[in-house]
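What follows is a set of structures to go through.
The two complexes that follow have subunit A in common; it is paired with subunit B in the first and with subunit C in the second.
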Partner chain A sequence: MNAPPAFESFLLYDGEKKIEIKKDTKVPNAAHFTVNKEDHTLGNILRAQLLKDPKVLFAGYKVAHPLEHKFVLRVQTTEDHSPKDAFTNAITDLMSEVSLLEERFKVAIRDKQQGIE
Partner chain B sequence: MVQLADETRNKISLKENRIFDVHSANLPGANPGQSNHWDFEKFKTQLKINVIKIDDTDMEFDLIGVDAALANALRRILLSEIPTMAIEKVHIHTNTTMIKDEILAHRLGLIPLKADASLFEYPLDEDDAQSSENTLVFKLRVKCTQRTDAPKGCSIERQLNNSKVFSGDIKWEPLGDQANSLSDVRPIHSDILIDKMRKGQELDLVMHAVKGIGKDHAKFSPVSTASYRLLPDIVLKRKIVGEQAHRLQKCFSPGVIDVCPNSDGEEEATVVDARSDTCSREVFSHADLKDAVELYKIRDHFIFSIESATSKSAEQLFVESVKVLMSKCDVLLKELDESEQKMES
Partner chain C sequence: MPYANQPTIQLTELTQDNIKFILEDTDLSTANSLRRVFIAEVPTMAIDWIQIEENSSVLHDEFISHRIGLIPLTSDNVVDQLKYSRDCDCIDFCESCAVELVLNVKCTGDGTRQVTTRDILSRNTKVVPVTSKDREMADDYSDQHDILIAKLRKGQSLKFKAFAKKGFGKEHAKWQCVSSVAFEYDPDNALRHTTYPKPEEWPKSEHSNLIDEEDKFEAEYEPHGKPNKFFFNIEAVGSLKPENIVLNGLAVLKKKLANLQYQAFQELNQDNLTLQ
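Up next, the complex of A and B:
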């Protein structure tokens, strides 16, 4: 009876931005990134990629409530790096990983099909 | 528990009551003298993909050297974010059958359609007028009548025409110039039972199919299932012979442990195929075999299994899921760049 429409989990409202950035005042060089209308699919891989960066001191994400479709990613870096740069680098690294995966997958499929023939 | 030896570093150990070392310890700064920094070249050497089985609809392949987060993201996207076409609106002109209107409409929505969703656009809003770019129109008109030539005393179903309505009775009505650009648009399987009727009952429906994703409704999910499991690893710590060897064989799935005569003439157990084990850990319920075996799972070796429920093959769906992930990352990057430009200006 009170169920919200299913499309609300991936369509942005009017005026809602995809990413909202808030500086964390409690510690230096930290920021909260709120990504709207996304879930663990993106949150987990971004967090895992950020943890592999040696300049990142803290990286964690949470989906605060399952009925609110967004996640908050908290990043803290060393003084010479900014959280936003770390975030941007993580996304670019991910994209290169994923495109390599796509290439290798297509090669593997081709090899298998040629092996059959 | 700390894993020190290099070859066990990427293994998850399964003990009797607990699982250890689930998360990778290979983070920057974790081990002195070891740089675990993200390195694309290192990733290139570690990434391996082996296709095990592939046919028209299903596929099984190994994804090695990837993070669990990435494998899970691809699995989640396969399940819920790849667009497909499915029946959304059903205009019911006549339904005198025993199945209620809304139940019938629900069943029709779940029927998989043979249409490539990438050729269509998403419908703009709820009451958007149907157009040839975003809708497919199907008709279902079936009437159940008495057969005049049925022999006496045979079953009711044999005496009737169209007592069962199958998905093969759904006919496509091309809109606009769809007849030229699309061909062979129909439900994938023609033997799905939709409804049963008796004499005089009739179905007259017009159905509109639109593009959607699994997150909106499960009928739009393109896979019957997409799952992965980790590669198991079984290590025998001592020689196991005779009656114990046969018992050990029974503890694992068939084909995992082989018992053959060794050089001393006794029957010895060896691990032949750890991959097909389903990791029931049954061996820990035997007091004498508990200490003889160590069970592991390899942390970065994913055995993916994808079964397609659309006209696309499983490998096309995987490639699409990778593209969806790339476009999500693209959107995020663009937003970050825009917000940076706004802050500068």
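Up next, the complex of A and C:
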């Protein structure tokens, strides 16, 4: 009876932004990135990639409530780096990783199909 | 690419309905995100709008409509070219966002007339119920069973017009292109991600390295080990070919990341003065 429409989990509301960035005032060089209409599929992968960067002191994400389709990612970096740079680098790295995987997969398929023939 | 992984992939099996591969040199989080994408975010075609003209069967309209929606439709090359109906600028439906399907069955004989997916006619021959795929070839060998929609008695009829739209599993399970994604890592529990009270009770996985050793049930504990090798087995429903499921899944993940990158760029450049 109270079920929200299913498309609400991935379509942005009118005027809702995809990412909202807020500085964390409690510690230096930290920020909260609120990503709307996304779930663990992106949250976990971004968090794991951020942790690989040695200049990132803290990286964590949470989906505060399963009925609210967004996640909050908190990033803290060293003095010489900024959370925004870390975030954008993480996305770039992930995109290159997925692209590489795509290429290798296409090669694997071609080899398999040629092997069958 | 300072800290990116360089994943490798090894295809072990590729059939009409199944694909098995081993993904290595990547994190558990990437493998899991891929699994999630294969299940919920790879788009397919399914009927999403129906107008019933005649229904004198014993099943009520909504019941039949629900069943019709769940029928898997072949989506292979079509779904990439179609737009989502909500993004299309046409009023209602058009060629570039939907495919029309019709059904018109009346039971005239004495026996029970089974209305199956064989009776569904599509305006686009590439988008048909999965059971009607390759009808002309190999009729004797096919164990394709047409999906039963309803049964009609003499005098009863069922007539409807429907539109199939593009969508993905997150919105409704009818758009899901896999029946299951089997995902395994660390078959011998070297990382101790799980604790077996009695390891000898558990059968060894097909991917286990300890299959020949009779007295070893668990590998040695590796305290600094990380999950590195992931065994996938994707069972397709038939709407997309298994290799296309993986390719489209990777493309969807890349698109999500690209969109995020673009939005982050917009957001960061807007607030350049306030946030430092």
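Here is the rule we use: the second predicted complex is superposed on the first by the 117 of 117 C-alpha atoms of A that agree within 3 Å, B and C clash if a C-alpha of one lies under 4 Å from a C-alpha of the other, contacts with A are read in each partner's own complex, and residues count from 1 in each chain.
Criterion: contacts are C-beta pairs under 8 Å (C-beta built on N, C-alpha and C of every residue); 3 or more make two chains touch, one makes a residue touch a chain.
All figures in this text were calculated on a predicted structure; none of them were measured in a lab.
J.: Just to be sure I read the superposition right, which of the two partners does A:Phe105 touch: subunit B = first, subunit C = second, or both, or neither?
T.: It touches subunit B and subunit C both.
J.: On the A-aligned overlay, A:Lys23 touches which partner chain: subunit B = first, subunit C = second, or both, or neither?
T.: second
J.: Quick one: is A:Glu68 in contact with subunit B, with subunit C, with both, or with neither? Answer first, second, both or neither.
T.: neither
J.: So subunit A touches subunit B in one structure and subunit C in the other; where do those two contact lists coincide?
T.: In the superposed arrangement, which is not itself an observed complex, subunit A uses residues 6-7, 9-10, 17-19, 21, 35, 38, 40-42, 44-45, 47-49, 52-53, 84, 87-88, 91-102, 104-106, 108-109, 111-113 for both subunit B and subunit C.
J.: Quick check on the complex: what are the subunit B residues that touch subunit A?
T.: That would be residues 27-29, 35-38, 40, 43-44, 47-51, 54, 61, 63, 66-70, 72-73, 76-77, 81, 213, 215-217, 315, 318-319, 322-323, 325-326, 328-333, 335-336, 339-340 of subunit B.
J.: Touching residues of subunit A toward subunit C in the complex: what are they?
T.: Contacts found on subunit A: 6-7, 9-11, 17-21, 23, 31, 33, 35, 38-42, 44-45, 47-49, 52-53, 84, 87-89, 91-102, 104-106, 108-109, 111-113, 116.
J.: Which bits of subunit A are touching subunit B when the two form their complex?
T.: Spelled out, the residues of subunit A in touch with subunit B are 6-7, 9-10, 17-19, 21, 35, 38, 40-42, 44-45, 47-49, 51-54, 84, 87-88, 91-102, 104-109, 111-113.
J.: List the residues on subunit C that touch subunit A in their complex, please.
T.: On the subunit C side, the touching residues are 1-11, 14, 21, 23, 26-30, 32-33, 36-37, 40-41, 86, 170-172, 243, 246-247, 250-251, 253-254, 256-261, 263-265, 267-268, 271, 275.
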